[in-house]
Each structure stands twice: as C-alpha cells, then as structure tokens.
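There are two complexes below, and they share chain A, which is joined by chain B in the first and by chain C in the second.
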Partner chain A sequence: MSGARAIAALASKDLRIETRSREMVTLVAMLGVLVVVVLALGLGPEAAGPRAAAILWVAYLFSGVICFEKTMQVERQDDALAALLLAPVDRGQIYLAKLLANLVLMTGTGLVITVAGVLFFRFDLAAWGFAGVMALGLIGFAAVGTLFSACSSSSRLGGGVLPLLVFPLCLPLILASTQMVLAMHEPERTVSGGYGVLVAFDIVFLAAGWLAFEFLLEP
Partner chain B sequence: MFAASVAYIWQREEKWDWLAHAAAEVAVLFSMVVLLTGMIWARKAWGMWWTWSPRLTFSLVLWLLYLAYLVVRPTIESAERRAMVCAVYGIIAFLDVPLVYFSTKLMLDMHPSSVDLAPAMQVTMSFWFAPVLMLCAGLIRVRYLIARAGLEAVDADASASRRAVGTSGGGA
Partner chain C sequence: MTTAYAEGVIGALDEARSPIVRAVGLSKWLGGRPVLRGVDLTVGTSQCVALLGANGAGKSTLLRILSTLTRPTAGRLELFGLDATRAGALLRARIGVIGHQLMLYRELTVRENLELFGRLYGLGHVGARVGEVLGLVGLESRAEDRVRELSRGLAQRVSIGRALMHRPELLLADEPFTGLDTESAERLESIVRGHRAGGGSVVLATHDAAQAARLADRVAVLRGGRIALHEPAGGHDPDALAACSRSLA
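On to the complex of A and B.
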C-alpha cells in the first residue's frame, strides 16, 4: 500500500469511528464553549477585542488535548494498537494519519469555539489574517500533541500528562499568534517575522513528530 | 541535556538517561536563580516584580519546559520507558528553545538591547563565567553519581536478598 493511501485509510478509520459515535466532538466542543463562557463571565465586556485571541487559545488547548488523548485511546481498546503495529505501515505514516484525524476534529471544534468567542467578546476576526494565523498555530499544536499522545499510557497520570508536556512546548506558538492578532488590530504595533516563527514551529515539529513517533508508540 | 538525550536514543544505555536527568535538574535550578535574582533586581530598579519583557518571558518559558520534564519523569514507572519518553521530550524541548527565543522577540521590549560594559565590569563578568560553569558541571556530575550509586545500591540489595533466599532454601 502506498504511503498516501495508508495515511488516508488510517485517518478515515478514525474519523469514521467518530462520525458514528459522535461522542468526542460533542464533548470537546462543549468543553471549549464552556471555557469561553467561564472566561467571558469572569472578564466581562471589557475584555472584548483582539485580546480575546488568548481566550480562544485557552479553549483550543484544553479541547485539543482531549482530542489527542481520545484518538489514541481508540487504539488502546481491545489491543487495537498491537494489530496496527503489526500492519505493514511505517510508524511515521501512523503519526501522519493520527495527526490528520486530529486536525479535522480540531478544525470542527475550533470553529464552534471561535463562533462562541466572536459572539461573547464582540471580537472582530479581521477574517483571513486571523484564520491563517490560527490554522498555522493549530497545526503546530496538533503536531506536538499527537506525538506525545503516544506515551500518555506509560505514565501513572494517564492523559493528565499530556497538557503538562504539550502546553509549555506550545508557548511560542501562542505568544506569536496572539501578538500577531493584536498587531492586526492595532496599526501602530508592528510585528515582523511572526509568520516565520509559526511556519518554523510547524515544520520543525512535524518533522520531529514523524521521526520520533515510533520511539514513543507502545501498546 | 540534548546531547545526552540523543545519546540515549542512539545507544539505549541507562547512563545517558541519568546524565540528561542531572542536566535538567541543574537547568531548572539555574533558571530559577536567574528568575528570582532578576525579579529582586527589577523590583529595585523598575519598581515591580514582574514585567512581560521578552527576556523575562524567555527565561520563564525555559524554566517551565524543563520543570515539566522533572514533574512528568517520576510518574512513569518502567525505567526503560521513562528513559525513552524523557529522551524524546529532551530533544523536542531543545528544538523548542530557538522558537521560544524568536517568538519572545515579537514582544515589546523594556530591556536595553545591548549594553556597553565598563572595562572593569567586563573583566568581572568574564571571571565570573568560569566558576559558574564549573559549579554547573560539578552539580551535574554529583547528581549523575548519585543516580548511579542509587542503582548500584538497589542491585546490591537485590542480589543480597537472592543469596539469602538461596541459603535458606538450601538449609530447608
């Protein structure tokens, strides 16, 4: 089986499980909206405007780690992972397939969260610029998250270990994207090289994840 | 720590894992010293404990990165697995460092970007580098030796109890 077909088959398997059960997307979108609502209640209408990008990030981060954990947990049921490892597929391709499934799921939940954010914070998206920055940010976040989701079963903390490992690693993404969203709304502030940081993060961690995934993957 | 992590993945020998762990502990300690002394100085010079200047943010993120390593490490029970997960995290965290640096560059700065030191201060600073580097290397070495001694003690214990079981079995 060629690489691209193997990746498509694995990713569509994960997505098919999700479309049939619809368990996780509902849970994750709900959690994300709750995070936005809690912060909106706490911060009040003064927090409106581009600074809400940070609030959206909090919701993306928490719903994201649940996504990563769940797509990996599917493989741990009934020893599915052992079968997957026996299949004649490169481990790097398994990583890319999981990443693809995670990205599709996160885009769906991210849309719900973003709509909630726009409503509650009267947040002007400056549409395409915002979407581009957040898309690059989410790709980097998913690249790191998918990699470490492979090792959460070895820790006593289980899924709890994932945010501990992933959040500190993603701080440069959050920093760069929030600064860039701020700059889009405040013309006097200039941010140069923001896209460079985001793209570099994505490339570095996609490559690192693809190479390192096999060391972390274990039934 | 990066070098030790790469060496572990390459050779799969426990000693590299101990070395990476020792280096992470010392890194957390040193960055904590930087943060705390910096905060005390900032309180005196700027009148506040903390500002989100790029340099402070950079040190804080580094501290968090390596602290996460130390927090997650003891929660993984299998020694082999722990070493592997930690080695991968060590490499990924190292790759993150330049990205953290460049992302903090995007923030508004309060620190002077370059400082011209008086000659006397330059001499003091270059003399200061040597003892700090030696202290750093010394601490890493001590932590590494402690890890090795710990494992030797566990091994000695295990073989002693095996011998005890063997003799009591022979007597019965």
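On to the complex of A and C.
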C-alpha cells in the first residue's frame, strides 16, 4: 500500500472514531473555552487584550494534551495497536496519520476556543498574521504531543505524564509565537527570527517523530 | 551479475525448502524474570502445532515473538526462511494473528474494521474480500453494527475475520476459542482446517487438550517457559493429553 493511502486510511479512521463518539471533541472544546474565560476574567478584559496569544496558548495546550491522550487511547483499547503494528505499514506513516488526525481535531477545537476569546473579550487577533503564527505553532505542538503520547500511554503513569513531557519542550514555540503576536500589535516591539524558530521547531520534531515513533510504540 | 542472480535463485530455493517457523533457543526475560527459556520449535507447511500449558507457562509470549510483535531476548527466529528480526514488513504481511484481546476498533462497524485492515494490507478489491470474510465468519447480517454493540463471541468472530482478511500463510491464534459458543467454535475449527487445506500453517495456544488433539499435528506442552513435551498429537487420547498437560504444569 502506498504511504499516502495508508496515512489517509489511518487518519480517517481516527477522525471517524472521534466524530462518531463526539465525547472527546466536546470535552476538549469546553475545557479550552473554560480556560479562556477563567484566565481572561482573572486578568480583566482590558489586560487580556495584549495577552491574547498567551491566554489562547494556555487553552490550546490543555485541550491539545487531552486530544493526544484520547487518540492514542483508542489504540490501547482492545490492543488495536497490536493489529496496526502487525500490518505491513511503516511506523513513521502511523505517526504521520496520528499527527494529521490530531491536527484536524486541534484545528477544530482551536477555532472554537479562538472564537470564544474574540467574542467574550474582543481579542484583536490581526487575523491573518495571527493565524499563520498559530498554525506553525500548532503543527510543532502536535508533532511533539503525538510523539510523546505514544510513550506516555504505554507507561505506568499513563497519560498523566504527558503534560510534564510536552509543556517544557514547547516553550520555544510558545515564546516565539506570543512575542510575534505581541509585535503585531505593538509596532515599536521587534522580534527577529520568530518564523525561523517556529519552522525549525516544526521540522526538527516532525523528523524526530517520523524516526523515533518505531521505538516508542510498544504494543 | 551472474553471482547475484544465482544467490537470488538459491535464496528463493532456500525459502521454499525452509519450514514456515524455525525457532532455535528462544528466550525472553520480562521484568527481570525468564518467561521463555531456550524454546525450539519448527512448524512446516500446512502443519498445525498446538501449544498447551498452564497460565503463565509462556504460550502468549511465544506467540507474540512468532508474530514479530516482541523481540526475543536471545535465540534465533526464522519465518518463511527469513530472519524475523530483519524482514519486518515483508513477514508481517504473511502472518495473521488472533490475540487474547480483540485487536479491533469498537467505534467502527464490523465492515469498517475489515475494510481498514484490508486497505492496510494493500488488498485489491477490498469490498469483495470483506464480503467473503463476513461469509466465512457468519456475520453478513451484522456487518453494519459497531463492534461495541456485539457480544464477546460475535466480536471474537470479527477478530478472526480481521486475522484472515489478507489470506495469511501462517495463522497464530492465542486461545481463539475463548468466548465462542458451540456453533462459533465449530466454525472456527472448520476455518482452521480450511486454512491448512489451503496450504496454510497454524500455531494454536489452547487450554483444551481435546481441541489440540483434534486440530493439531503436533502438541507442545510448555512449562515454566520451556517445552516439556513435544510430540505428534495423533497418537494421543485427549484425556491422557489433558492429564499429561496438567501433570507437567
């Protein structure tokens, strides 16, 4: 089977399962919206304005981690992962399929979270620039989360250990993207090499995921 | 050029002559404790070998190693004449596994599960093959039901169908009769016989000595990770075999 067809088959399987149960998507979106509301209320709508990217990132991080855990949990249930590993499919393709499904789910929930932020607190997101920065950030976050969800789901601690692995690793992404969004609102602020950091991070962790997934996947 | 060609021909001949499974001195340590200790096992074309033994004797671990899901700590494993540690995807496409667990996606329907695995194995005409397999396991009328809506026995039949989708040459079955009613068990016995008649080989882990005597050419009794008895099944009375298995355990 060609790599692209295997990736498409596996990713559509994950999306079909998630849309059919709907539990995860609803839970993740609600958690994300709650985080936005609580943080913005705590900071006050006026203070929240320039911190929009940081607030949204906190919501994306928590909802994203649940997303990674749930999509990997599907493989652990009834040992479905073993059937997948027995098929003549490259493990890197399994990683890319999982990443693709996670990205689609995170984009959907991310849109709900972002819209909630805009509606409640009038975040001025300078639409296209913000979307580009956050898209690059989310690709890197999904690359790291998908990679580590494979090992955390097989560990004795289960998914609980995932934020401890993923959040520190994503710091460069969060710092670069929040500084870049801030610079869009404050012309006197300059950020050099922001896109470079985001693109390099994405490339490094996509390559690492492709290569390392084989060793992290234990049935 | 000629040498490479000759080596290729010799390799193909070797593969044709080789047993389907040749395990030599397989050992596996888990959590600092030996689970398998120096197991030798050979399975030829169209043969069925039944593994008997108490819980924890090492049957499932041995099957996982044979399926390439787990690597042995020591020893050598050849499948279809090829080193099992090196020829991963090539070998996996020739093996079907029925496990302790269902190895299915509960939220997908029976048909969607079979189609998914048909696609992953690169089958042409997946829809037609799904129809054949549904007939084989007797689930035509439940094809559109989600697996989570099925009883354990029916879900086990789907799992058997998944293992057979790609027409494997070697079928590894770990207590596949668990949860099956009499009719389903008879159907599975008939599938195993049909698989062998079509040239396939089977390694079957079971607690049922009578079943082992009925289905297998040879019986291997595992005790404490070692093969304590390895004999042709034909000459054994099932009751004597069960008593022997219990005494060895």
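The criterion applied here is as follows: the second predicted complex is superposed on the first by the 217 of 219 C-alpha atoms of A that agree within 3 Å, B and C clash if a C-alpha of one lies under 4 Å from a C-alpha of the other, contacts with A are read in each partner's own complex, and residues count from 1 in each chain.
The rule is simple: a contact is a pair of C-beta atoms (placed from the backbone, for glycine too) under 8 Å apart; a residue touches a chain by one contact, two chains touch by 3 or more.
Nothing here was measured: the structure is a model prediction, and the numbers come from that model.
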(message) Just checking: does A:Gly42 make contact with chain B only, chain C only, both, or neither of them? Give me first, second, both or neither.
(response) neither
(message) If we overlay the two complexes on their shared chain A, which of chain B and chain C does A:Gln179 touch? Say first, second, both or neither.
(response) first
(request) Have a look at where A:Val161 lands relative to chain B and chain C in the superposition and call it first, second, both or neither. (result) first
(request) Compare chain B and chain C by how many residues of chain A each one touches, and report the one with more. (result) B
(request) Kindly classify A:Pro187 by the partners it touches after superposition: chain B alone (first), chain C alone (second), both, or neither? (result) neither
(message) Touch test for A:Arg16: chain B only (first), chain C only (second), both, or neither?
(response) second
(message) Going by the contact rule set out at the top, does A:Phe201 touch chain B (first), chain C (second), both, or neither?
(response) first
(message) Contact-wise, after the overlay, does A:Leu171 reach chain B, chain C, both or neither (first, second, both, neither)?
(response) first
(request) Over in the complex, which chain A residues touch chain C? Could you list them? (result) 1, 5-6, 9-10, 13, 16-17, 20-21, 74, 77-80, 82-90, 219
(request) Report the residues of chain A in contact with chain B in the complex, numbered from low to high. (result) 144, 147-148, 151, 154-157, 161, 164-165, 168-169, 171-173, 175-176, 179-180, 189, 191, 193-194, 196-197, 200-201, 204-205, 208, 212, 215-216, 218
(message) For the complex, give me every residue of chain C touching chain A.
(response) 67-70, 89-90, 92-93, 95, 97, 99-108, 112, 116-117, 119-122, 162
(message) Help me check something: in the complex, which residues belonging to chain B touch chain A?
(response) 9, 57, 61, 64-65, 67-68, 71-72, 75-78, 81-82, 84-85, 87-89, 91-93, 95-96, 99-100, 102-108
